[in-house]
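Encoded as structure tokens, the structure appears first; notes follow it.
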Amino acid sequence: MSARQVHQLDRVVIRFAGDSGDGMQLTGDRFTSETAAFGNDLSTLPNFPAEIRAPAGTLPGVSSFQLHFADHDILTPGDAPDVLIAMNPAALKANIADLPKGATIVVDDADFSARALKKVGYDGNPLEDGSLDAYKVHAVNLTGITAEALKDFDLTRKEAGRSKNMFALGLVSWMYGRPIDGTIRFLESKFANKPEIRDANIAALRAGWNYGETTEDFAVRYEVKPATLPAGTYRNITGNLALAYGLIAASKRSGLPLFLGAYPITPASDILHELAKHKRFGVRTFQAEDEIAGIGAALGAAFGGALGVTTSSGPGIALKSETVGLAVSLELPLVICDIQRGGPSTGLPTKTEQADLLQAMFGRNSEAPVPIVAPASPGECFDAAIEAARIAVKYRTPVFLLSDGYLANGSEPWRIPAVDDLPTIDPAFATAPNHQNGGDPEFWPYLRDPETLARPWATPGTPGLEHRVGGIEKADGTGHISYDPDNHDRMVRVRQAKVDGIGVKDLEVDDPSGAAKTLVIGWGSTYGPIGAAVRRVRRAGNDVAHAHVRNLNPLPANTGDVLKAYDTVLCPEMNSGQLRMLLRARYLVDVIGYNKVRGLPFKAQELATVIKDVMDRD
Amino acid sequence: MSARQVHQLDRVVIRFAGDSGDGMQLTGDRFTSETAAFGNDLSTLPNFPAEIRAPAGTLPGVSSFQLHFADHDILTPGDAPDVLIAMNPAALKANIADLPKGATIVVDDADFSARALKKVGYDGNPLEDGSLDAYKVHAVNLTGITAEALKDFDLTRKEAGRSKNMFALGLVSWMYGRPIDGTIRFLESKFANKPEIRDANIAALRAGWNYGETTEDFAVRYEVKPATLPAGTYRNITGNLALAYGLIAASKRSGLPLFLGAYPITPASDILHELAKHKRFGVRTFQAEDEIAGIGAALGAAFGGALGVTTSSGPGIALKSETVGLAVSLELPLVICDIQRGGPSTGLPTKTEQADLLQAMFGRNSEAPVPIVAPASPGECFDAAIEAARIAVKYRTPVFLLSDGYLANGSEPWRIPAVDDLPTIDPAFATAPNHQNGGDPEFWPYLRDPETLARPWATPGTPGLEHRVGGIEKADGTGHISYDPDNHDRMVRVRQAKVDGIGVKDLEVDDPSGAAKTLVIGWGSTYGPIGAAVRRVRRAGNDVAHAHVRNLNPLPANTGDVLKAYDTVLCPEMNSGQLRMLLRARYLVDVIGYNKVRGLPFKAQELATVIKDVMDRD
Amino acid sequence: MTDTIVDIGMPGLAGVPTTDEPQTKKDFTSDQEVRWCPGCGDYAVLATVQGFMPELGLRRENVVFISGIGCSSRFPYYMNTYGMHSIHGRAPAIATGLASTRPDLSVWVVTGDGDGLSIGGNHLIHAMRRNVNLTILLFNNRIYGLTKGQYSPTSEQGKITKSTPMGSLDAPFNPVSLALGAEATFVARTIDSDRAHLTSVLRAAAAHRGTSFVEIYQNCNIYNDGAFEILKNRDTRDEALIRLEHEHPIRFGADLDQGVRRNASGQLELCAGGEPDVLVHDAHHSDPSVAFALSRLADAATLAHTPIGIFRDVDRPTYDDQMNAQLQHAADAQGEGDLAALITGNDTWTIE
Amino acid sequence: MTDTIVDIGMPGLAGVPTTDEPQTKKDFTSDQEVRWCPGCGDYAVLATVQGFMPELGLRRENVVFISGIGCSSRFPYYMNTYGMHSIHGRAPAIATGLASTRPDLSVWVVTGDGDGLSIGGNHLIHAMRRNVNLTILLFNNRIYGLTKGQYSPTSEQGKITKSTPMGSLDAPFNPVSLALGAEATFVARTIDSDRAHLTSVLRAAAAHRGTSFVEIYQNCNIYNDGAFEILKNRDTRDEALIRLEHEHPIRFGADLDQGVRRNASGQLELCAGGEPDVLVHDAHHSDPSVAFALSRLADAATLAHTPIGIFRDVDRPTYDDQMNAQLQHAADAQGEGDLAALITGNDTWTIE
């Protein structure tokens, strides 16, 4: 390391921002890997426009990636960046408001022409008009220097300029002492058959590092020591990747071949893309003509004895609702993953939201109860997938898994579990008749397990168990069509009782002092922000409890007791109060809501303030 | 009238039952019209199988029609029949359990052969084995006598036998002194171009009447005096017919051409059939390729300035959910009629249920609030249609109208309103720019009416107001695409506030003594059974209040006060407790549920007992 | 699950276990009471299918019937095999998932003109495009039966029904033309009441590997009685029906006195049966154009000159076979998946 | 709402009010910033459509563009007319409701190969069957653009995409064949970059009364760049493109040295342009068979010998015209509806 002065920091929030075409997501991903490899705890927040590539240099075209890394365990991508890397005026304009005074800005000043500035509504040049005086600004001609550095390659200046993101990455890696060999390896394999591009990018990366090393512009480097997390082998993982792996794990642990029926939709598509890569695991992926065919095919596969899965987001889930009702009536295992995004309707396709809870609970005709699980962090998507499959197979029922855009694309270090520690799932297929009619053995497809109320799962190919199932009401037991009023009433109750009876873990309450009077309850991806906020409130010397719901239907048996044990219950949600409504209806507890639907995760400070306010009320 | 002895009765419940092919629905309809014309109050309950014509003489093939008529106002089709007309052994077997001891049975004994009996599981002949001793049984060879009576027509005995339903109608009409000239007129027009059939049926009808008049078999006739209802001109009407008329009325009173986009489904299809007849009213009916196209076309028509309507039942409504979300986002008027039926999935297509309330509330992605209205009786479907259209047009929003199979096919006398008394609906189309940009006038499609929060409705063809709308989140005001976090949060709140702010009538409470401590609250078609039950409880000397919710979203402003004014609140529903959940969540009142999902309306006696039990609890 | 696989010379059934035990119609008849209207054409089709199945000699437990909603879609309840009565229009999608995961099953779809061509049209054309190994029986009665008689996408224009009291407005689909336009590899048409013909078409459909689309004209004697009378009535059928047979000249009429040929401008036209240039039917031709032209001979309104039989029967790799091949290839090339290795990936770090 | 209706010799626009004020491309350009990727073929199509509209001389306020979801479906935002960016695949259904109620509007649908042929396939074929008076522009880039590059129903078999790393398995739709199989009355194909050809097709489509289906080959330079290179590249296009013109012999090649004729067995085949029996194109023929045969000339994988231009253009009463006629007829025959009489009916009784 150079003799440059080094500042110790316990945590840093850094944001890369540029045009959709500038490769900011890739740059962020790489810096994240370096940081993970270095051993910091981290949390990320990608943020990109719905358009593929809105015109260069415009505000709608800005894409960004935020990373929070620390020497201790952290829960969120950070409220406000300490450092902003801005690749053009638009990126600066679009992000400056989020920066606290004193923050560091590294900005590519290659094109701050009047035209470029006007395009984004700058009257003057912010680099000159003093409007950035409150920040530590490093204006560097990243494009120019990169092009210079690559002049020996046979690339046009324009082409060479494209590697500026790697130059920036090299520079920032130097600033924070990140190893770059991982990125070099990555570039080598990614551009294996485009050697010119490969070498150019690697050269740019190195040039960036050296630029930091050599120029006087950067007086200090920063060091963030590795975090001490629980022992184990770690990797960085996004929610969608963890979800895909969880589904494959569930397939392996159940011995059921995995069948995914899906239609592409943001932010769920990557699960389809990931699973499509793993055919050697016996994974079948079917890109259907629409969402209805996607879930239909998954249900057909389930009828045949596969682990049927369908993945989508809000609008696609709405289309599946009639078929979900059929699955409830057929009582076949099915996992339905809803990677929630901003709505209503097309809404904000690339932004996050958790407003599909009530759709999952009630979004189909008549009484059709469906279990719901929801992971609280990217890594938990792995466990949630296995849990959803477990419930689906054991109870012969469709199950909703509610993730969201933030979990899907956000990442965190994940302790890799030992395969043998993963739960096993027993399909317990029916193999023989289960009823005697006089002397003759018969198979009754709706004769239930008295304990779980699950019906037998007899798949085609099993001799002697030939039977027909359908969406018309069935006679309890035989499963024959029945219009009998009392039978219908009984079946409605049994389907409800089966879901209500599903065994789920008790709700855990984090209340270190045990003296808290206020409980903050949440579900899904608000876990991080709530957890971080609660820590702040405690650091400020107050007692507050936090409980996070992972099984939303049925709710943990102790939920009512937990709620009633506190004077005040606050439920922050990125919706208009959906879990809040369910809790109030069920337990008649005056749960208070804090609801913001901005397409972005809560900020820890924001929630800390809200919690404090609520506590001060009484 | 013959010198036969005449018994005065205040009310009679009669049920016609036979094969799907025996024309029981028609017979019931005719007897209902005669009874209406006679001036009794009445209530009907058709009940038929999902199969078009299950094989003759089998239990699944039995179709029935129940009619309750009285000399006072009544609220339900009656709990148990005083008289059963059974056209064959299957009809007897399928209905006998519903008859109280002492009831009268008129049964066609034309085919009580061993084969026929065995087909329905009779070991012996019930007409001979004494199993019917507790009833007044008239075994008459209706088929034979009818054939005899028609022997002069050139019809085979088999063909002639088909008129036995008219013979039965004639006989029963005689028993209760109903005029039959209306039916004769009906037959004359129905079979105008089949003179042979026409005359045969009329002859059979007369023969039936004369049979009663002449044979000794029927010793008594019964008389039920006309009821004294509020002054006015009345007609008998079913819920589906009233709903169709209500939509046409809304079209006339708003000046908006009516466009129905629908896909056939039981029990909603008859609304499509009815509206298709009224092209002279400028009504356009579009039988779409599916439910999604049905609502899509209706929405397209609404964009063009029509009164867009779509009609369906549970499974079809589930398919429409994504498009409902689009309508919420576009903020265009749209009326969505859900004629609820038994579920989940295909369920019990021809049976009633009220289990789509939560689907209407929450059945789509993200936060997409939609107003909901629900008629309480067949006749009220007329007003509900107008109310739904009023809200849709005034607030530029999709509106759900929740009817059900019982309201749809059931009928009651309906006081025909004077057209001029019907509310008028002002489309208030936008005709000019609503914003100044410097000097230039602009049209902002999302610039709202400060009071209703409704946006302007500018239809194509209006010069100067050209604009684009879409399902992506829009900037408050301009309506341009906006991914701005705060704008999204604001829009979510505004859409909710608009619906919450809809002006709806206060909840009326029926509490004559004002001393009741228990409130029974319901919605939809349970109005009749609850009302009748409440009367019984009161007749037994107890105080009980009844409130019936017609606007389910938003709920009437006084709902909370009403609930809190009683010690005990009971909410009977033909679902697992859907309104109950909404009330508990919103008002934290411990509403008790009574929930039966049998595909049939509640019985008054059943509810009376439940109410009494609840009252005795405290 | 599969065991004895005897090659019965039917590519469509390769991989489906057979049985040596003799089978009869009764073996394929379930204990459920049939609930169609007396006289419904569905009875005839059911009887023929039940009577035909034993010929295939498949293990009953490896046969699955999947249907949507409609009178015809009640079909699976009456077959003593595995079956699913699903929801309106979705059977092809559901069957696609089942067939793609279970090569050891013989999967049949039963649908109607409303179920398959109205709400389910998209799933149907996509199934044919993908060429999933399914046999689709579309019962075309040119009406919505179960919902009591509205017009359907195959009803003749101007049809008066409950929903169209002044007559329907839209031109009907020609299911055979639609299937050919959707890249179908097997397309046939037959009639409920013609047991022999229906059986021969079922045999060819079962033999075909890929999506076999079979349109069955079916009489709804309650809401559209006599819809196909012209093709059934002794006096009219010979003139109205054109029976297609592979490699045979296309002749029809009481004594084959009429035929089909191509006229100067390239269109097909009717001619005397004796003409030398009468078209010889080639169901196996890779180009669907002639089959398409044949599908246009019928008069949409009267059904005069309606060709029945197999319009097209060509080979194309099936979706499910290719999917299974990719799985096999992946496993062969990279070895069975190792879960531990997968979830570990290449970028890890360890904390003691 | 309608006023001055000048007959501009375009049946498809009869009833749509025109204006005398001169219009320019700018009049049809909205103030919204276009957000497609630089280089996207959509820009070319947008420019051509905006440039073409003034030729029609319609009142801007009587023109409506309705789209689904996809990159191409952002189109309406950029047209300074009325417009709706609806939901995925549903534009044809929405447009059907609008067109049926508003004969005074010129209704355009913009969709993509995924929007229109995958999720929206059923609405598309039914719109064509009904022959609603719409013009449907299907932007076919043979890929899902907006969702970042999965294969689509028009992608060539074996296509490697994010969702098909080992290659796609299903045979693509030929949109023209599908449309012809779905009873379409106007079917054409053109190319984003060929402004003159695109304009001529738009003109004919607008003139046609009924559903005009226009497939536009559109380059997605991000996820499927060069998909139509063979049809655009100077060196290959003459050999690859077959330009159809009504009543003209079907010739192609640099100096029209190639042609299309019908061979002995009745199939179309390529031949020397000079051959006497080169097929003369007849877009107005009532029988779609020849048009269908032409649609099969193109090689689904390479697009070699791809016909462009108008395959079919025939008259058939439109759904909306017939619907309006029924309303008119009902009113004429029975008089305008009387609400009071309607709700009263004939079976009433009065209580004083």
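Going by the order they are written in, the chains are A, B, C and D; count residues from 1 in each one.
Here, a residue touches a chain if its C-beta (ideal position, glycine included) is under 8 Å from a C-beta of that chain, and two chains touch if they have at least 3 such contacts.
Every value quoted in this text rests on a predicted model; they were computed, and no experiment measured them.
Colleague: With contacts counted as defined, which of the two, B-C or A-C, has more C-beta pairs across the interface?
Modeller: Looking at contacts between chains, A-C has the larger number.
Colleague: Based on CA centres, what chain would you say lies at the far end from subunit C?
Modeller: Looking at centroid distances, A is the chain farthest away.
Colleague: On a C-alpha centroid basis, what's the spacing between subunit C and subunit D, in Å?
Modeller: 30
Colleague: So what's the Cα centroid distance for subunit B and subunit C, whole Å?
Modeller: About 39 Å, centre to centre.
Colleague: What is the distance in Å between the mean C-alpha positions of subunit A and subunit B?
Modeller: That pair's centroid distance is 45 Å.
Colleague: Could you pull out the residues of subunit A that touch at least 2 other chains?
Modeller: Each of 50, 60, 279, 289-290, 315, 322, 326, 330, 345-346, 470-472 in subunit A touches at least two other chains.
Colleague: By residue number and range, which residues of subunit D touch two or more other chains?
Modeller: Expected reply: 69, 87, 118-119, 121-122, 126, 153, 166, 323, 326, 329-330.
Colleague: Where on subunit D is subunit B touching in the complex?
Modeller: Residue list for subunit D touching subunit B: 1-2, 17, 30, 32, 59-64, 66, 69, 76-77, 79-87, 90, 93-102, 104-105, 122-123, 126, 323, 326-327, 329-331, 333-337, 339-340, 342-345, 347-352.
Colleague: Write out the stretch or stretches of subunit D touching subunit A in their complex.
Modeller: It is residues 33-38, 69, 71, 87-89, 118-119, 121, 144-148, 150-151, 153, 162-166, 222 of subunit D that touch subunit A.
Colleague: Give every residue of subunit C touching subunit D within the complex, in rising order.
Modeller: 118-122, 125-126, 129-131, 153, 166-167, 169-174, 177-183, 262, 265-268, 279, 282, 285, 287-290, 292-293, 296, 316-317, 319, 322-323, 326, 329-330
Colleague: Where on subunit A does subunit C make contact in their complex?
Modeller: For this pair, the touching residues of subunit A are 33, 36-39, 182, 228-236, 245, 248-249, 252, 257, 259, 261, 278-284, 286, 288-290, 292-294, 296-306, 308, 322-323, 326, 330, 382, 416-419, 459-472, 480-481.
Colleague: Spell out the part of subunit B that touches subunit C in their complex, as residue ranges.
Modeller: So the residues of subunit B touching subunit C come out as 50-56, 58, 60-61, 263-266, 269, 272-273, 276-277, 279, 285, 287, 289-291, 315, 345-346.
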